[in-house]
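There's a structure below that I have some questions on.
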């Protein structure tokens, strides 16, 4: 039994190599050939906050591998949570039915709390501003899949680097490789100090920039993020910076021909749809890669 | 790949014959013999507004044909729609998981917009006051199944002919045959002019009536509809007309012995439950027919 | 065809013996060996009020037995109920898709009303303050499984005996055996008179107590319940009694070594988590037993 709680568990290049190889193998299979390693097993997706994308990705992965599925897409409102049941009790109850639990919860540390009482694997599908390890893994897998070698890449992160949970996860995995980071954000939305310190300790090269400057012409990977209105204290604060890192077709033209543009989605206006057909736009491919990454992850747990 | 967006796509008697024959064949099968044509495929039901009936019908059809199912029964509230994601992006994301999307959306034209960006079939399960093609198809299938020949029938539509989306769809298909229509509604809820013009152009005979008169004794098919409170500007306007076309056991007695009564459901008071046991009452059979019509439709797309 | 509406249908020791033996047989099977008696059948879980626990239990049971599943976890808000459709019509519509319906509804008698119009089995998964027969069955199954023989046991019920629907169901089944009851509750939350009269008529021995006294040292089974805030007219009334029957580790120490503690869950503070690891705490095992009891029940209906 193995819980998937944090990207930290995957901070190991050999482990990532193996996982990505397994995902790539899944992705090359004809759907009729997916290994039915979850046959006779029931997996539960327990979502305390909305995330249709992540839920449907896991639910497709589970079924592709032959698993049975039980699901609750709004656990907070409809479970016994409203009668005052603790997360721990809910997890112990679902242990009576399921052989694994994919958990999404608004509170940081919820996945760890669940794992502490669970006899079946807990897979963290996002816990507040905490972790979203499978997103970090699929981001890194997408870079590896598109660029073959991660070592040597210049990787830019643009937009909201302060609250962007997914990029914090991706960052920690990509920093394992010999890469150079560009952090592109408004002053008020810079990468938290703790991540910078971590990078310093590991001697990772990075630049902190507050406008596009020449960065766009240099990066091999551009990881865009949405500036989330709900994170700001006032509408004015949001208005001031929301459009600082919008990608336009003109800007994309400046990018390297073989660069790739990623985004954890949903996007709002930071990448206009005109860019979607550009071969550098890989954000929908990134979603598809996520399905196979999750299948590989389930395989690594249940095989 | 083929999208199902509008009844217009089916405005062809040969096509309808083929589809209805296929549905009838499905309906005659023992459940153990349903063809597993969706095996290894995943279909998504994405509902932006409530329609338990339509959703469960499609979900049964998908599973009867061996397909995997991912579902969201309240996409509007729980998907990334609340974070500002466009329908187009949501569809492109679900393309990463699913081999087909059954879409219900409150906005007219939503299915067409979805189809424009989708690499997998979109099946319109209702888009606002726009189309609900599978309902129109199942209504017509029910008439054909019960009466064998549609040509020569007198078909009455009663109740709210102004807003009744399902009857607008059914009307367009039934008008392909040599039929005579009776439009029975309060003055304020008559069939929109555009449909009347269309019927005139195609030389279809119809009568416009504002009370039951002798129509009930003449029709072979009576398609009842609910007068929807939510369509009226004032409660008074609704009160005034809501009971004009209520079917009573006394009225049903006047109908031909082999006439059939249809209703897209849900009903409120326009058909009292006492009528349900009359052999002419075919509205629950209509629901059942819908399951097989949808199975036939899926077969025509994925076979 | 057989509906499951009330524990009264199971008020027969031979019938219970058979059902519990079948559940125990299921529980001893390797998951790869579950009999696929629901293959090619579709079961619907239709929940008009939240009960994630009960829903997931049934949904796991259905899938373990090879059945297809259609589900609505918030029928009240999202079905055509909001358009004024009656429960009867909804049931008749779902009859068109499903071979059985697991129904949860807030109104007493709803399951019986559903059964009156349904051509497929209705399984009552709780209707208001009415019945919750499968909970009563699983409670009794748990007692039988843990203690082997029910005859001769001293069984205590503690907490809210007035509104506790699940214990009312369990009580009626356990009273079939040669047992002695202890009813432990605040004055204001005593067992309703009608149950006491029933016990008197059947010559069942019981004691009515308003504090723990020596009961704890005597009972073989302690069935705890949650005092439900929502049942009280004023917050003060609730505050006054809510903590009268809280189990503490010190109290548990006084219990017989081989006693068992049950709870229908969710719990709030009446059983602190420190007690969970005590071998007497059987409430999570009780949840697991419920899965197999429900599988056995489905087998008895569809075999």
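A few points about this structure:
Letters A, B and C mark the chains in the order given here, with residues in each chain numbered from 1 onward.
Following the convention adopted for this analysis, a residue touches a chain if its C-beta (ideal position, glycine included) is under 8 Å from a C-beta of that chain, and two chains touch if they have at least 3 such contacts.
Please read all numbers here as calculations on a predicted model, not as lab measurements.
If the chains shown are joined wherever they touch, the resulting network links each chain directly to all the rest.
Interface of chain A with chain C: the two copies contact each other largely through different residue positions, with under half of all numbers used appearing on both sides. The distance from the centre of chain A to the centre of chain C, with each centre set as the mean of the Cα atoms, comes to 40 Å.
Within chain A, the positions touching two or more other chains are listed as 73-74. Chain contact summary for the complex, chain B toward chain C: residues 31-32, 34, 50-53, 55-57, 59-60, 63-64, 73-74, 226, 228, 265-268, 273, 276, 284, 287-288, 290-291. The part of chain C that touches chain B in the complex is made up of residues 39-42, 44, 68-70, 72-75, 77-80, 82-86, 88-90, 92-98.
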